[in-house]
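Here it is, the structure in full.
Think of it as A, B and C in the order they're written, each chain with its own count starting at 1.
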Amino acid sequence: MASRMTRIRGLIWLLPALVLLGVFVYYPIVENVRLSFYSWNAFSPKPVFVGFDNYATAASDPIFWRSLRNNIAYAVVSLVFQVGCSLCLAAVLEEFVHQRLRGILRVIYFIPAVISITVAGILFSFIYNPQFGLLNRLLGAVGLEQWQHSWLGERSTAIWSIIGMSQWQSIGYTAVLFVVAIQRIPRELYEAARVDGAGAVRQFFSVTIPMVREMTTLLIILTVAGAFLVFNEVMVMTAGGPSDSSQVLGTWLYRNAFLADDMGYASAIATVIFVLTFGFAILQIMIGRRRRVEM
Amino acid sequence: MTSSTTSPMAVAPNRATRADGWIGRTVVQVLIGIGLLALVLAVVYPLLWMVFSSFKNNSELFANPWSLPGEMRWGNFERAWNAGVVRFFVNSTLVTAGSIVTTTLISAWAAYGLVRVKVPFSNAITGILLGGLMVAPTVALVPLFGLLQRLHIYDSLWALLVLYTAFRIPFTTFLIRAYLIDMPREMDEAAYVDGATRTQIFWRLVLPVCRPILVSAALLQALFAWNEFAFALVFISDSDRKTLPVGLMDMQSRLLTEWPVQFAGLTMAALPMIVLFLIGQRQFLRGLTEGMGK
Amino acid sequence: MSTRSRITALIAVSAAGALAACGAPGTAAKTTASANLTSSAATKSGTLTIVTKFADPKYAPYFEKVAADYESANSGVKVDLQQVGDQPYKDKIRVLSASKQLPDIYFSWAGDFANKFVRAGLAADLTSVMGPDTEWGKSFSPAALKAFEYDGKSYGVPINLDAKYMAYNTAIFSKVGVAKPANLEDLIAACGKFKSAGYTPIAFGNQYGWPAIHYITQLNAMDVPQATRDADYNPATGAFTDAGYAAALDQFKQISEACFDSGSNGLSHETAQANFLAGKAAMHFLESVEFSVLTAKGGAPAELADNWDFFRLPPTASAAGDKGALTGAPDGFMVNSGSKNAALAVDFLKFMTSKANGAEMTKSIGWLSSVQGTATAENSFPQLEAALKDISSANSFAIWLDTVTNADVANAYLSGVQGILDGSQSPADVMKSVQDAAAKAKKSVS
């Protein structure tokens, strides 16, 4: 019915999207790889070709590996809370809570997700303040002074404090999405399970979890991708400190480009981030395809 | 978090119940209740603290962090206002609103082209879109530098508009595409037979039917654009054009020890969003999930 | 097929469009050294863009006033003044440089920080208008002028004098029975006494790393001979092998253990200062430009405002460097060599550093101006006058370690010293990373 000409003309519909993608998304990837083979910065008169030097620097740079570990930690914790705990929370809300209360709780839990990440970051940097912050005061009030820390000022606690803030902000968000997914599960499945003698926990594992697989997969992709792209929270709360203990790949890239006068190295880091996120996404999609998941 | 139930005897209040084990039932319900309440406190208290602290002064803040403020120092809010919070808010709103329109529209066109208009190379194009999904904004920082200058949009809100659109097109297109695939073709075909052009079908038929997913897309775009930080940090220089995230951080480094004024700034930045959300929460949550739930 | 070729053409056009926007990275324009810097009175018009790091509400008004005054004195001129915070300035100026968007006038710290603008051809050579023989040049204190010289030429206009001192609460000192320490060992012993009396010996917050660096600057100056330091701070010849550097880090470690509260990496400098103001700490290491905060006019409580004095961080008895060196450097402004308003920029800076405005600076924000003869009894306070005297008598100046050295070395120090503070790194570890950074810097400058 549609002639060949009509179909070609149909490409018009895709033109804006493709042009924007090509210029602003794909061009930077390619350019990044190219730039990563040079050494240059804001003040260098001429970029110097250095081959794989920047990548060698990355491989031997302890802070690069530290950043990578921090991103992985971010991903793991986020999966546990924003996918695992969140699903449990959603299940509890659906099973054990009255209709009206459920609505109210959903709204309350979702609120942190609507305030800007920066607001949450700055707010939590105040909460973590060792002198007047909520957390230390709370610990003191219940007699746990020995647990008081300079949360954002100590190497051992800085990145975990940031990760904690991130969970606070996002648990409600993912829980709401899971609630929707759970609501679509046909009640008959639960009835059948109950008839077979399954208690609430068994039902959770044998009915709920398998039936929300699509949402789970989607949220896993989003959560892990998000964990590798973290920038805002860390920048606002610690800027990567103290002594680079809370650097993540994104902030380390920024630091090298704009504070250490080494843009070539920053491009190399960026290329690594791209390869990691791209690789993970491909992996997820391949696994997903095997499970017949639709994007 | 105490949301995992451990007692096998637990049963929901509005479902068929088991006759025995009512003590276990109550204990679990109480535990769950406490857990949920604790979560509510964990969510709400920091925000309340933020609001209360914005009315205090420095010494009150250090001395009694828990208490209600002694007096309502609206001056703090005035200082925050003067530090530019409103301007940042306006800039963010402009860019967010603009990018919602452009992203949703361009993605809808693309999805329509892929699904309804049988364009050639549709597989390749889908692949290109998919690839775009996996590019991190931070990756693009350094190369985009030079590019934005050459296009003469560096340090303008247009730069952000263009970038926020380009980077969200893949996700939004897939979102709309998934929805569109499930839509019956007969509707289109009928209109086509009646003589309607592709364009007319798009605007009069497809777009209205896709409203739920478009609303979802718009809301997700809003959340992204509102929070976007890296591009706003690097590509906007003039403080008059800063968006909220960057402006707040700027303010923080300027109002170093004036904690209450910073709290006031945070409150002014967060409150509108919370209020908007509370007002429209049913539509918001429905819009967010209706499309995505598919 | 023709359709396929049409598609290919489409893609090719888009790609070509994108590629046309390509180009080599970061090619900076070479200096047009012949920027015309002298303007005749009749041609003062245009818009001047200025970016400073003085967004702090305590200091910002002074600059806004100078800009406004200049505008009203020259009706054809508009001054576009942008002020950001101290820390954000560090990356903003690099972003501006990389994007060739440097304003006409921009702030710079002294040392290699300024020199890299010069090396990249981004700073105008101002020797013809402010060299030591010119009238304008002679109005400055010689040390201030020298701080912004490179290769014998002047590139930056100093606007103030600044040095780092240990302020102390005289009331607490006499209460605990401690005298002004004559050397570092005495200082550390005194810290022990303050701790037992329940005071924080030295209020210290190191959130962005530079407060600790200022200690190291002073210790390096006192432990390492000048000639060695000069060679090491120059990125082309930096090696950092002298034993004095490690000794300086060791001394800092001792100071931190005896005198600082734990968790200093998480506290901001300003929060620590608040503690000192509140009378909870006996001492606080700060810059003379911050002295006004300790006065009643600056908002300090009377118990402190009436009872404070200062001394230099004392050397150890066996220091091998320059015991009379003083940590400090002027703040300055540089003119963009590519600016189309260079002459106007110079004129504005002359206006800012006139005797009248210099005196106004001392009066309104308590800074010592780089212009000689501007601090008097009327516009300053006793401690500030004493500081001026002390600055004028210093043997030599040690510029802040994080701006005098190349960025890599500075970052190695910043990060390393934070590690010393929380015990995760030893002085030997830090020196190793500094030496590595110096080697890297040497390569990139050559």
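Just so we're on the same page, a contact is a pair of C-beta atoms (placed from the backbone, for glycine too) under 8 Å apart; a residue touches a chain by one contact, two chains touch by 3 or more.
From a predicted model like this one, the values you see are computed outputs, not experimental measurements.
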{"item": "Starting at subunit A, fewest touch steps before arriving at subunit B", "value": "1"}
{"item": "Pair sharing more residue contacts (C-beta pairs) when B-C is set against A-C", "value": "A-C"}
{"item": "Interchain centroid distance [CA atoms averaged], subunit A/subunit B, Å", "value": "14"}
{"item": "Centre-of-Cα separation between subunit C and subunit B, whole angstrom", "value": "40"}
{"item": "Chain centre separation in whole Å, for subunit C relative to subunit A (CA means)", "value": "37"}
{"item": "Touching two or more other chains - residue numbers and ranges from subunit C", "value": "3, 7, 21, 25, 87, 95, 98, 271"}
{"item": "Residues of subunit A touching at least two other chains", "value": "8, 11, 18, 23, 27, 31, 35, 131, 254, 258, 263"}
{"item": "Shared interface positions of subunit B, touching two or more other chains", "value": "120, 147, 234, 249"}
{"item": "Contact set on subunit B toward subunit A in their complex", "value": "1, 3-6, 8-16, 29, 32, 35-36, 39-40, 42-47, 49-50, 53, 61-62, 65-66, 106-107, 109-110, 112-114, 117-120, 125, 128-144, 147, 162-163, 165-167, 169-170, 173-174, 178, 192, 198, 223, 226-227, 229-230, 233-234, 244-246, 248-249, 252, 259, 262-263, 266, 269-270, 273-274, 276-278, 281, 285, 288-289, 292-293"}
{"item": "Contacting residues of subunit C [partner subunit A, same complex]", "value": "3, 6-7, 10, 14-15, 17-18, 21-22, 24-28, 30, 87, 90-91, 94-95, 97-98, 116-117, 119-122, 207-209, 262-267, 271, 407-408, 411, 415-416, 418-419, 422, 424-425, 444"}
{"item": "Residue ranges of subunit A in contact with subunit B within the complex", "value": "1-2, 6-8, 10-14, 16-18, 20-21, 23-29, 31-32, 35, 81, 85, 88-89, 91-93, 95-98, 105-119, 122-124, 126-127, 131-134, 137, 168, 172, 176-177, 180-181, 184, 194, 199-202, 204, 215, 218, 225, 228-229, 231-232, 235-236, 249-250, 253-254, 257-258, 263, 266-267, 270-271, 273-274, 277-278, 281-282, 285, 294-295"}
{"item": "List of subunit C residues in touch with subunit B within their complex", "value": "3, 7, 21, 23, 25, 55-57, 82, 84-88, 92, 95-96, 98-101, 268, 270-271, 273-274"}
{"item": "Subunit C-touching residues of subunit B, taken from the complex the two chains share", "value": "58, 120-121, 145-147, 149-151, 154-155, 234, 237-239, 249-250, 253-258"}
